[in-house]
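Next come two complexes built around chain A: one with chain B, the other with chain C.
Up next is the complex of A and B:
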């Protein structure tokens, strides 16, 4: 098996729900806690397994906002595992999930240097490295209903932008999505062969802009007044 | 990369220690310096102090040092593990060699020479591993080059040779040959460093386009998704002022190479005094520390692409 995620950049709305639910689920999981530093202060920070960033692609009017969630890609050539001197980082043979044994990690940060995707974060409170577990403690939990045996982020996503499955099976949902929508890997030139794939936005019609009415004298004056008046 | 002083101190000090030990053994076995028991022991001890101090300072940056003993067990895949194993194997060989020299009245022949040369090989392997820890990372183009381990080895030998000149000069021995070797090694170090600085100017590797997969248009970061810093920004986003980088490169060449070479030449031609060598050693360590600081500060990890960098 080659388990991983497909992220659909066409429909991701950038709500961060996956990141929050990941944090909620995993903070009491096998790699928990996902410590927060100064959570109620001016500069809240902490450990996350999943982060969402936003980009603008292209130039106006051919531009588009892309919300971009990233977690561990469970790479096939996981250098993060090879460089780990303690053997705390390992890749499971049976399903390809990359994990960190919290009891062995010495917190040298070296694996995070080897990861191109920023998937590994050191927890200062435990002194150990932490990362996405692909929700190992959900996907194999037979006490859960079958539909619930999926990563927390996948179940939570309100836009259905995240899909979980086995990439070795050509008929799995993820393999089909990748085939149909041209799913791609990030930074393939580095040779990590990440398992997770990203579905590009669908090509849509341009939103016309030439019919937007030019400013009239009145609207310009109104605009100016609005800027000047203190509320 | 964030330049952590524990790692900078470690690589500079332990590199010099290994270099000093290598040159001590070679000088003794091949007889190109006048080495007696006090010189051999003081050089050997200084080398061990520098190496051990360096290794201790490198454990300072571990967040969970109580698991550090496990670091010796991934020799097959990890350069960090290899460095640790070689560093460990070096100690008994080095101690045996020093004992042999002491017992044999500074005559390094037969078994003593064999142990010494084995220690040299292990020392070289250790420094090479240190270089490869950085050199093997595909994520940092400024490090992912054969120049990285080359620089580490050459600079270790160069700094070690200047230390040996210092010890010879203070012991009142003839240090001219050693000073000549040190000049050659420093010149070689300056050359490899110049090639390195020239080489990293060429931008290669991933861009924000290949990082996001949008290769047909401009990609700009709109929102990093976090309000304050994260582990990633603290570890990887360090960026020094361009002017500071240029100034430090001048420091590297002026203090690290030119001034020590000039002082060593002065020792050969005019006045072979330990005090001159000492000034050279201080200048050199200031320069090489700046070199190591730059090595980290100029390295740009590809994760910066996701934080808006167009290239690394």
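Up next is the complex of A and C:
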């Protein structure tokens, strides 16, 4: 089994609901708390498993803002696992989820140097590294309805931009989406083979911003009269 | 061992000079401990480090001392491995300084961990794919080997171990510094690193930094203890220091030129070299001009090269320049943002696509100087209670310093 996420960049509106929902669920979950620093001050910050990046493609007026939610990619060749001196970072054989053993992590930060996606953060309160667990304590919880056994970010997304499933199963929803929409990995050239995939934005026609509809006879006459008067 | 004729003795001075330095060292240790307990109590968010700059000023101090430890042992190795008799009387002191620097550096590194109480896990659980884990083994092995090396120099009963352990310590220190450099060289994800040249570059930094520190510390110890230094030896060290500095500059130039040539690294190189950041000023003024070119002038130009003060001045500048060099490598490399979306303008509420800022706090500085304090205290106590210092290095051939 190879569990992971597919994010549809075509419909992600960058509302950050996934990030907030992730924080809410996981702060009381197996990796919690996700500490906030100076939460009511001028410069609040804190630990987040999921952050929404944005970037521009194209030049005006053909430009478009792409919202790009990023969390741990659960790489098949995860460098964060390779560099961890104590073996606190590990990849589960049974489902491919990359996790951190909170009892073995000594907070050396070397994994956050090694991760090319910026997915690992030191919780400066607990002194250990934190990252996306793919809501492990939710997806295997048999007390929940099957439809709810998905990561919190997937359930929350109002635009249905996020999908969760098994990439080893060719008939799973995520495999089908990747196949049909050309789902791609972020920075595959590094060779870490991230599990999470992104569906590229569809090519859209430019929406004209000026009124180009055909003018009526009356408005044409009015325009001609106004021009004559201005002379 | 050929230094049988050399007489060693403990430092006899007990005046304000000796105890003043010892107390200063203890005061620095105290500052380090205060900072450590404060960080433990409040959490690391009171430091200037953040999600982008994850290793800060304490790590610069730690790596500075670790690299220095490896380089300082060179003085002993020149005598043992290369059989240079003039250096052999300094072998014991070289070993003491190497152990002291390494323990000082490791103290800072460990106390700045998110969970320093889990050091035992680092000692008992090894991921052998991790260069960091290998470094833990290398540091422990270095302490054991150099301890045995010093013992073999001081105890006639195990004198037969002097040569083999000296050779082993020399090769171990080369591997150790290559390992320290590889902590950065193996970072594929960062534009600033991902280069095999970090291993030899760090070895050469250790040669220059270690020798410069040894010159300064041994001069202070010898003059403070009113013992005689060999002018001939100082002259040799002068040319050796110039040679090491030239080698550092050569490797540094190769590193930057290669990186400039590769398109994927060229933006970072422009960031460091072109004056677009404060790190450029540190690099050019601190490391290249004050830390390399001025000392080379002091060491080689005929107006200054014969003066002891020039050698000491050059050594002090090399120490400062090496610290700045490590600061630029460690902090400057992190300040440059990850390239997540090439050729796109990136925005976010958490500093994507922008140069990250880092302002060290006083707590980080206190923790860093705490490591220097540990080194200082160990050296001062070491020379007081054991026979590390030769009574005299005077040679008949040269007019020696009294």
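By definition in this document, the second predicted complex is superposed on the first by the 208 of 231 C-alpha atoms of A that agree within 3 Å, B and C clash if a C-alpha of one lies under 4 Å from a C-alpha of the other, contacts with A are read in each partner's own complex, and residues count from 1 in each chain.
Heads up, the rule we're going with is that a contact is a pair of C-beta atoms (placed from the backbone, for glycine too) under 8 Å apart; a residue touches a chain by one contact, two chains touch by 3 or more.
These figures come from a predicted structure and were not determined experimentally.
Q: Overlaying on chain A: chain B and chain C, fit or clash?
A: Superposition result for chain B and chain C: clash.
Q: In the superposed arrangement, does A:43 touch chain B (first), chain C (second), both or neither?
A: first
Q: Taking the superposition on A as described, I'd like to know which of chain B and chain C A:24 touches: first, second, both or neither.
A: After superposition on chain A, A:24 lies in contact with neither partner.
Q: Applying the document's definition of touch, where does A:193 land relative to chain B and chain C: first, second, both, or neither?
A: Neither: A:193 stays clear of chain B and chain C.
Q: Going by the contact rule set out at the top, does A:184 touch chain B (first), chain C (second), both, or neither?
A: Once the two structures are laid over each other on A, A:184 reaches chain B alone.
Q: What is the contact status of A:220 with respect to chain B (first) and chain C (second): first, second, both, or neither?
A: neither
Q: Using the superposition on chain A described above, determine whether A:87 touches chain B (first), chain C (second), both, or neither.
A: Both: A:87 reaches chain B and chain C.
Q: So in the superposed three-chain picture, is A:173 touching just chain B, just chain C, both, or none of them (first/second/both/neither)?
A: neither
Q: In the superposed arrangement, what residues of chain A touch both chain B and chain C?
A: Comparing the two interfaces on chain A, one with chain B and one with chain C, the shared residues are 38, 45, 51-57, 66, 68, 70, 79, 82-88, 104-110, 112-118, 121-122, 124, 126-128, 186-187, 190.
Q: Can you list the chain B residues touching chain A in their complex?
A: Going through chain B, the ones touching chain A are 1, 61-68, 70-74, 77-81, 84, 133, 136-140, 205-206, 210-214, 217-232, 235-236, 301-303, 306-307.
Q: What does chain C use to touch chain A in their complex?
A: Touch list, chain C to chain A: 43-45, 50-51, 54-55, 113-116, 118-119, 121-122, 125-127, 129-133, 135-136, 183, 186-190, 334, 338, 340-341, 344-348, 350, 352-353.
Q: Which positions of chain A touch chain C when the two form their complex?
A: Touching chain C from chain A are residues 35, 37-38, 45, 51-57, 66, 68, 70, 79, 82-88, 104-110, 112-118, 121-129, 186-187, 190.
Q: Spell out the part of chain A that touches chain B in their complex, as residue ranges.
A: For this pair, the touching residues of chain A are 14, 16, 19, 38, 42-45, 47-48, 51-59, 62-63, 65-66, 68, 70, 79, 81-88, 103-110, 112-118, 121-122, 124, 126-128, 184-192, 198, 200.
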